[in-house]
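Chain naming follows the written order as A, B, C, D, E and F, and within any one chain the residues start at number 1.
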Amino acid sequence: MPGKVAVYRKEHFNAAHRLFNPAWNNDKNNAVFGKCNNPNFHGHNYEIIVRLVGEPDPETGYVIDLKALSDLIKENVLKKFDHKNLNLDTPYFKNRNPTAENICIVIYDILREKIDKRLDIQVRLYETERNFVEYPVTKENF
Amino acid sequence: MPGKVAVYRKEHFNAAHRLFNPAWNNDKNNAVFGKCNNPNFHGHNYEIIVRLVGEPDPETGYVIDLKALSDLIKENVLKKFDHKNLNLDTPYFKNRNPTAENICIVIYDILREKIDKRLDIQVRLYETERNFVEYPVTKENF
Amino acid sequence: MPGKVAVYRKEHFNAAHRLFNPAWNNDKNNAVFGKCNNPNFHGHNYEIIVRLVGEPDPETGYVIDLKALSDLIKENVLKKFDHKNLNLDTPYFKNRNPTAENICIVIYDILREKIDKRLDIQVRLYETERNFVEYPVTKENF
Amino acid sequence: MPGKVAVYRKEHFNAAHRLFNPAWNNDKNNAVFGKCNNPNFHGHNYEIIVRLVGEPDPETGYVIDLKALSDLIKENVLKKFDHKNLNLDTPYFKNRNPTAENICIVIYDILREKIDKRLDIQVRLYETERNFVEYPVTKENF
Amino acid sequence: MPGKVAVYRKEHFNAAHRLFNPAWNNDKNNAVFGKCNNPNFHGHNYEIIVRLVGEPDPETGYVIDLKALSDLIKENVLKKFDHKNLNLDTPYFKNRNPTAENICIVIYDILREKIDKRLDIQVRLYETERNFVEYPVTKENF
Amino acid sequence: MPGKVAVYRKEHFNAAHRLFNPAWNNDKNNAVFGKCNNPNFHGHNYEIIVRLVGEPDPETGYVIDLKALSDLIKENVLKKFDHKNLNLDTPYFKNRNPTAENICIVIYDILREKIDKRLDIQVRLYETERNFVEYPVTKENF
């Protein structure tokens, strides 16, 4: 019995966003968010890596069919985020900023509902090649 | 006399854009531009590679100091495009679409004015890792 | 009139192949092709980059819609090669070896028939990150 | 006393494989494994990353000489898998499918026997840039 | 309350180094360190990834402003290491070898002093694309 | 008759170097070369891509066996440059600076002597991911 294996699937989407706190005035928003506060938005090619941990099925050798995981991410995440304005075109960032941290948490919450509870999930989100985040932080990280 | 050498410098910027033709109605814009026509914009991490061709200076061994080229691209291109909305925050796409092709031509035109005429220039622009363009197309391409 | 722009689209496929010359005996095949002559085949994640050169349409700003180019490559190349044995499952390598050079020529020939004659085409094929080829070689290369 | 450090070495091999369960009929194999069940095989450029955890030797500053680790992976893993058909040319997949999960477990088992027991080992295997796995899953992951 | 998120920032520096133990004679140094013991040094493009773990600030959505983290790494690490000889131009490797392991520990020690104690830190250092290390090794790794 | 194909092989080496002109005083060298003039050297992971253009052999389908090209580059270039100080350990930069431009010309000159004259050669050299050069510049570039 080999035990658990982690499997990963990488996907991407392109979106616009703007960082600001509506409770603050312009000067404070500029001081904190700098050019990320551009009122007309800017954008990114986001990369997401979804990690699932579980035991391989002895009949298939799969923890999960990664094609099925890819389809599930496309249906539940990319359809909502790809070629969208994260602030205006999605319901998730009405009351919180679309920072990499918050986008990652939102994607985790969406996927956690759709994936078999026996599988642990983590999500890593690249905003750029040099800035990235991951959630949740448990003992079993990548 | 070794002759000419090509030197390259890679930079990047993050921007929002939208593709549509104001002379067309919504249906036609959707048919032609699909999700790139999202009215609230989407965005990309653009990568640009600037290529200069010339003879190395015998005293330095440089065609150009690539640090100086990097500064020149930052001052003349990135300051205008990074964390901007290409349609709304720049003057270049009032009468043409910010497609990868047109952004690349605009960047070439900006840099051609600023760089020594003895050096040939080409610009390659990556909109995503899988979609990219280059301009101009001459006998000396990369 | 800015003139011509080159546009590129990257796709990939996974395939098995074997290199050998049926006119030669085993010893000569092993001497020339080494482990690439494994009788039970080996395989690669092939990356292809298709380059088209033409003038952007003034109404769209596109040389070609890269989504349309992607679909065309998927329909005409990937369907035939992805998850296939190049020697046994395709008609192209009955009388020539599926070397990177020959696969690249075959892909060019397939695409040249399907793409508007006003657009120049080149194909680059990566067999591995360190071994790659491109065809045809003209004055307008990348 | 700084404590433990993790060190990583990346290697690669190219191989053919086919996914199917001999206990199932053709229709079920196609339904489950799709194009991965192609009877004539397909293939991949596999990347492996081996992670060892231990304390650096105070005389060398090394946890392990990564050149020695590279040689050990080449001798024990790449010689068996590179330019091979995983189903037909190796003894490991007679009774289980050469999925990424199972290949990763096999490589771990091979290396665990050859490496000093004071060093913890994990293996990550990339089947493609977008599909990858790692084993074992412990509290000390990457 | 979503809990903790890991955030990452990637930076790079270029440096020369040499591996040898002054307590050993030449033959032993060559036997152990091989070409890394070249008396005139060799060099690398080092990549570093700094990982911080903490709870996002509810007002900003940031664990930390990654621009501020980048500036902090530049000021405290890159200024000391970039375009330097690690053996001769820094005080850190007088009594220990500048192996990847030791460089990573030194960078961690520098940053640990400068970063809010509520945030956990780990550092990954790439000496080449194929050889890399990370420190410390805890239950919360990447 | 398909005509010519370009084939590429990528290799790498790690080396130390320093940029300065001995005919100039310290102040001028610092003004021109900045931190690249560090007297104790700094270093890079250099990547080289060698491109050959020729007709595939009809019996093998190869322009050249890329394994043979790899061996030739290792024997003639990497043995001389890998883990070396380019200024002190090689004869090539006694009277010219080891800039990327000059290293690329030197590698071209070395390889041009060793490779069949019917094959055209070009060399691309990456000093970093963002700074690279290629030589010679002809009508047939990459």
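As a working rule, a residue touches a chain if its C-beta (ideal position, glycine included) is under 8 Å from a C-beta of that chain, and two chains touch if they have at least 3 such contacts.
Source: prediction; values computed, not measured.
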item	value
Other chains in touch with both subunit B and subunit C	F
Minimum number of chain-to-chain contact steps, subunit C to subunit F	1
Same-residue or different-residue interface between subunit B and subunit F, half as cut-off	different
Distance between chain centroids, defined by C-alpha means - subunit C, subunit D (Å)	29
Geometric centre distance via CA averages, subunit D-subunit B, whole Å	41
Centre-of-Cα separation between subunit C and subunit A, whole angstrom	34
Residues of subunit B whose C-beta touches two or more other chains	129, 139, 141-142
Pairwise touch network: line, ring, star, complete, or other	other
Touch relationships between chains, expressed as pairs	A-B, A-D, A-E, B-C, B-F, C-D, C-F, D-E, E-F
Residue numbers on subunit B that touch subunit F, as the complex places them	2-11, 53, 56, 58-63, 65-67, 70, 139-142
Subunit C to subunit D touching residues, read off their complex	12, 14-17, 35-36, 38, 40-45, 82-85, 88-89, 128-129
Residues of subunit F touching subunit B in the complex	19, 21, 23, 32-34, 96-102, 104-105, 129-139, 141-142
